Structure formats: structure tokens, C-alpha cells
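The block underneath contains the structure these notes are about, expressed in C-alpha cells.
Per-chain numbering from 1; labels A, B and C assigned in written order.
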């Protein structure tokens, strides 16, 4: 950033912060979208949704581990430091598809994990809904919160048991590592707005997923029924439509959205077992700001808050208000709730009992 | 010109003052829901000490009118004035503290509290105001309020054990409990929303007798009722609401003979 | 007596007896026996029982009575801890100023948080409190490091001013005390194979818990408590009864915040350290679990819940693979390995997994908590017709009892 003091922020700095906020904003938007879907259709506040995001991330970890599962081969041509023949790890995949193809597949493990994560997450989502959430539709909201909260703890502890407590680096494909000069593309001076490729990929990916979910809800019969159900569950039930089954599928879908959001986030932030809760709290803030029950609100607020957070992290801002980047989202949420209790786009009377 | 219009043209019906002994003054109240006019141009004066019945076919706007009075709904236009206080825009608890109590049509009691606690609570609220921090006062020591509550329970004929939870009561008993909760506050104005709906004839008569007794005490009452037997036994004056408008107002005799009322009730069995 | 009816008095006496004889009750096994690992009667654990008992009693005043589910109460406990440690650093190692300030600070903090959070109800309220707690946690870890010590937390140091205490004797370290009575000092009583430890800190905390419990009973049985229960039962109706629920819920919030502050202050009094992790959301979740496990809305439930959770945490965390192998050594070898492998994830470091599972199980199968479980068992054995769904000390029975 130029002109380090808190003065006139340059146009470049402004754009830099906006693009910087996009990737985090995308993650917020995706999680908040799933939260809102579940909340709007099933009327359940899912505290385990962050855990689904986290499990998605670990789907990527799992797949890349599976792909690199190796056998030990003694390489006679090399020796280790003791002079013995060196042992090298050779992925089984080499034997299956050949070395070159295998290397490409391993390199692209993270994007490939999407294919792996979608069915897994759908299954997990449906299992959670059928096995647990279904029994809580008629219980008090406090009970729903508590049981999903318990579930979140269980899920993250299971992940911790199997994968350990440390973050697991999961790199993006080679082609997307590194950064590019986004500013120069827009006609600014070179080397002012440098932006990592993967973040742009993440933003594009999020846009596609969000667009897909909206198109699905708008243009399919299934989506229409779900939207009708979100507006008025009882009426749709009276029409004889098996809304429960559709809601189960919605839960699976929301889980898949959270899951793929987690998969793609792994190169940005090495997954650890508690990332779910970290994101969940912020995603709730996003939902509250966007307006409980509003899908558009959730997405808009997600990006808005992501960008806002990025602005709050500018050193010029931090010089004046130290630590503001840590709390800006909460502060915004508090202000919104006090001035516009329904959030930016919320409906009246949602969850206000 | 309808009777309502005649009344509206009476002198001395200013916004703030009302008629000299008017307790509740509803002034030109409008309320619509999504374009549907639930109440239009409603003007109503309730005189001190009277029992004023509001009747009308289903969907005429009777409950909406009560909801506007107690602060549950905000009118789009117009005002409700009680005893010189503009109620419009006030919170329900503020309105209650001014001396307006409401008996709900569908019993809205506190299911997890005992019957006795349900009755004592409004009395405590009247005595202590909106908020009182008294964490070290034993509830059990509130013997005067407790005695009062037992009397009121007795007077409404609550046979159930007063120490049982309200959730265990029958629907009919819950209605008595509702009534008791309204009566114990000895409000200046009691709004009753179909106090006998769903009651057996015998119980209805007992309720009428009870309300008659209270009438002698001088409490002002507004009563919404379907049962014309109840209305004509209790009401001093009647307002007829149809389609969100007051189409007639007067003594029971006047209302009985009013052709407009008959027209409004066409198809309804009671008249 | 003490303004309590006979039943509440019995309950209070029970709690007094349990806490007074805890060193005996919790050490039922001789020191040398293989079951000694299940003894809970050592000072550190007993202190935690009563301190978290205070925390849960306070939380229950909010959640149990009004139904407002706060996910941020750990923030008040943390704030209390920081307040106490600063008193110890600046003023004196005597715990009275420390604990007093921790109650005041937590009370003020909860007043601010409650004032804002209580503008919303239901799930919004839960999220708001969670957000506030996470915000406090982030701040304590980062910007507020000069006040909170950041990641390392705070401990009394020899170099601290402590203006009321004289200079420390050479080589002495600052220890928390009550007018010279050190929190860490204990008296050990050996009887046969048993050893019982009587710890000063424990008894001071226990006395405070008994007082807290007594105050909670009074609140439950007051008209104020009735209003709080009415909020939970039917908040809307309360308005038409002339009561504004907000000041009542705020008062309950602040009272429970002050309880949390007291607990935080006492934690510091016992272990002389404070750190941000006490504010983490898991800590908030833990007190929720204690309360519902024991029975939200019942008087003694949260105390039992707190005790049970802290006991299990301590015991289960200590179990390692060797211990497990020892337990199942009577099994055939293959089966033994299988059983050990199955149980292992839930013990030792896996305590949180067990905690989460317990959390779910309680909510699913026993929403009324242990007290409901006890009353269900009680109902099985007595033919008494069920007049109320309440657990034995349920507040709903207060009025009739009082008449006798």
C-alpha cells in the first residue's frame, strides 16, 4: 500500500482490499447460504454447519492422502546418507495410471476432491437429517441448538482423533500457485495489486455454486416447492406434497455446499479440526446481518462482510483502531441488530419467539 | 345516515376529550392487512361504568379492534385514547399499567406456572409496576395477594386444585383462569374477547352472573361476544361491527330493531 | 428459617452436608487400591466442583428460569478472572479484593452485553451472546495483550507492586491467601488405608457456593423469580399482564454474569492464573451442558451437573491405554485388544468426544436432565399420582408448600 499513513487511500489500495476480501467473503457466503437453506426449509438452527465445512476440507485431505498412498521401494541407484540403498515412497497410483498421469492427478487433488466430497457430504447430510435433526423439528429452538452444538463437538473431535490436531497443508495445483498482477490487468501500475491465483479461483467457484443453487431453486419444480415451503411450510404440507423428503434432500444439498466450500478453501488455509467453529460463529454473524431466512441476504452479507474485514485489516486502519480487524464483523452485527433487527433483507417474525 | 354517523355528529366528541365521562375513546381508527381493510373509520366511545358489547359477524374486525386497543397491533391511522392517555404506540405492558386488562379468546395463560401463580402474577404486576427487583422477598409471603387470588379463583368457579400446573387444566378451566387473571387486577377497563365461547350453557350462565356482579362494582367493560344471550344479558350499549365499520350503535333495544343489523347478520342464526 | 420453607431448607442442608463432607465422600477408595484412580477428593478437583457449581447455578438463573440460552457466559468468567489477577498483581494477594472486583467487573460487562443482546430473543440472542464471547476472546488474545497477557496469560510475579502487601520474604513466591490463610494449604487425615485432604481453598470456595446456592433459592422463590419463570412460559402474555420482560431478563442476565465473575475470580484465587482460553466458546458450551445435564430450572441440578462433568473430565482424561489394557486384562487377548481399541478414542485426550456425545444424549433422551431422570425413577417406585411434571425441587411447587 502506498502512503502508509491514514490519509487518502489510493484507488489501487481500495481495489486491493476488495479483491482481498472476496475469498473470505466467498467462504462466508457459501456457509451462510447453507445455514439459511437449512434454517429456511427445516426451521432448524444448525450449529453443526461449520463442522460440515470442516469435514469438506478433510475430504480434500483424505483424497490427497489416498492418491499419494505409497509403497516403499528400494532405489538401488541412490544411497542415503549412511550409504545404504535409498528407500523412496512410490504412490500406488504410479502403477495404476502411469507416472505422468499420476503426478497430474495428485497435483490436482484439491479440485478433484470436489467430485469426491459431493456424494460424501450429501450422504453425511442426509444421515444427520434422518438420524438426528428430524426428531427435533417439534422441539424448542434451544434444544435444536444444543443437539447440533453437541454434534459439532463430536464431529470435530472425531476428525481430531483421526487426523490429529495440527493443520494439514493441502496445496493447490501447480498451475494456480503463486500470484498474478491483477492491477496491471486493470491498467494500474504494475506490482500494486498482486493477487494469488487460487483466491480468484475460489471466488469464481463460489459464484458458480451460488448461481447453481439459486438457479436450482428458481427453475426446477423441486426448487419451487422448497421455496414455497420456506415461505409457508404448513400450506405446502396441506397440498399433499411430501415436503419432508424434499427437506431431507435440501439438508444434503446444504451439507454438500458447505463441503465443497471447505474443499476449495484448503489451499488458502490449511485445514484443522476447529476451523469449522471459527467459521460457524462468523457465518452466523453473516446470516444475522443478511437477515435470517433470506438467501440473497446471506450471500450479499457474506461478501460485504468479507470485504469489510479486509478493509479493517489495512495497516492504515489498524494504526488508528488496533485490533479492529478481529472484531469488525461482530461490531457490524451488533449495530445491524440494534438498528435493523431483521437484518439487511430479513423477513418479519422469523425466529423471534 | 346510520346510527354510527349520527353518533359521530354529536357534539363534544373531540379527539382528546371525548364525552365528559368517556373512558375509552377510539378515534377514526384504520387498520388494513395487505390491502384488506380490517377496520375503517372506527369511532367508538365507551362510557365510564358501562358494559359495552361489540358484536358482528365473523371477520368483522372485532378482535382486530381489541388488538389495537391493547397495543398488539398498531393502527394505520387514528388513535385510541384511554382516560386521557393516547394508547396508540404504547407497549402492551404500559397499556396494562394504565388500567386496561384483556381476557383473551384463546386462553393465553402461563402453562408452566401453577394456577395460583397465574392468578397472582397480574396482581403482583399491578402492585409492583412494570419492574421490581425483589430477589430476596419470599413469594410465599405474599399472603394478601394470595388470599385475593384464592377469592377470585373461587368467584370464577375454578374447581381445579390451585397448586396444579396450568398446563394440566381443561380448556374450559383455562378460560376461567383467563377471566380470573383479568379480574384480579381490578382494571378500570376490562376487555373481554368472547369470554363464554365454547362453554356449556350452565357455565355460560354462571359467567354471566359473575360479570353482572362485577358490573355492580362499576368496572367498565368492553365485551366481544357471539352469543346474543350473553350480549343482551350484560350490555348497556352495543356497537355492531361489519366489514370493519361500525354500522350501528345503541341500547340493546335499539339494536334489536335496527334493520341494518339484521341485514349484516343475514344468514347468521343468532338474530 | 433463613426465609426458606422446610423443603428448601432441607435442600440447602443437603448441599451444605455434601460440600462439607466432600473430602470423605469423594475418596471412597483406599489409597493403595486399584480403584483409587476413581477418587475425586483431591483439592484441585474439589475446588473445581464448587467453582463450576457456582458458575452453573448462576447460568441456571438465566437459562433455567427465563429460557434465554446464552452461549457467551464464559466471557464473564474470563473477565472475572482477569479482574482478580490484576487485583493480585497490583493490590494484594488477599482474595477478598480480587473476588469482589471480579464480581463487579463481570457484572458491568454482562450489563453491557445483556443490554444489547436482550434486544433480541430466541436464537438471535444465542448468536449475539456467542458473538460477544468470541469477540472478547479474540480481543483478549490480540489487542488487549497488555491487559490480558495474550497467549501466555497472566500470573502474579515477584516483581509486581502489590501495594497493600509488604515486600515478599527472600525466595518466597506470591501465594493467594485469605488474611494469611493460604489457599493451597491442606490438612491430611490418614485413617487406615484412606487419606482425606482438607484444603483451605476448597472450603472457602465451598462456603461461597453454599451462599450462592442460598441466594439462588431465594431468587427462585421470590416474585422476581416468578416473573422470570413467566418469561420462559409465555413472554408475550407477560406484556398484557403489565410486566415489561426486558428489565427482568436483564437483571437475570446480570445476576448470572456476576455468578460467572465470582467463579472466575475464585479460579484465580485457587490457581493464580488467568488466560483467554477461559473465554473460548467451548467453555461457554460446557456450562450449558452442566446445567442441562443436571436439569435446567431445577435448583440442585446444575450443581450436580457441574460436579459430574468436572469429575468425569478429570477421571476420563487420566485414563490411558495402559489403564485400559489393565481393565480388560481378564478378556481373551484378541477381544481385549478390540475392546481397548473401541474405548480408547473416548478416554484420555478423547474426553471432549465423550463430552459431545453426552451433550447429544442428554438433549435427545433426557431433556430435563438428571433431576428429571431421578423423578422418573421415583415415579416408578411410588404410586403417587403425578400432579406436576416437575423434578423434586421444581420451582412450581413452591407456592403450595409455603402455605403449610
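FYI, a contact is a pair of C-beta atoms (placed from the backbone, for glycine too) under 8 Å apart; a residue touches a chain by one contact, two chains touch by 3 or more.
Quick caveat, the model's predicted, so the values are computed rather than measured.
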| message | Please identify the chain lying most centrally, where each chain is represented by the average of its Cα atoms. | response | C
| Taking each chain's C-alpha mean as its centre, the one farthest from subunit A | B
| Highest contact-pair count belongs to which two chains? | B-C
| query | From the C-alpha centre of subunit A to that of subunit C, how far is it in Å? | reply | 35
| query | Between subunit A and subunit B, what's the gap in Å when you average each chain's C-alpha atoms? | reply | 54
| field | Approximate Å spacing (C-alpha centroids) for the pair subunit B, subunit C | value | 47
| said: If I count partner chains per residue in subunit A, which residues reach a count of at least 2? | reply: none
| request: Enumerate the residues of subunit B that touch no fewer than two other chains. | output: none
| Which subunit C residues sit where two or more other chains touch them? | none
| subunit A to subunit C touching residues, read off their complex | 45, 132, 135, 139, 141-143, 145-147, 149-154, 157-158, 161, 277, 281, 284-285, 288, 292, 322-323, 326-327, 330-331, 333-334, 337-338, 341, 351-353
| field | Footprint of subunit A on subunit C - complex, ascending | value | 67, 69, 71, 116, 119-124, 126-128, 130-132, 134-135, 138-139, 142-144, 281-282, 285, 288, 292, 345, 350, 352-353, 355-360, 363-364, 367
| message | For the complex, give me every residue of subunit B touching subunit C. | response | 70-72, 91-94, 96-97, 101-102, 104, 108-114, 116-117, 120-122, 124-126, 128-142, 146, 161-165, 168, 181, 185
| Interface residues, subunit C side, partner subunit B - complex | 3, 5, 215, 218-219, 221-227, 229-230, 232-234, 236-244, 247-248, 251, 255, 387-390, 396-403
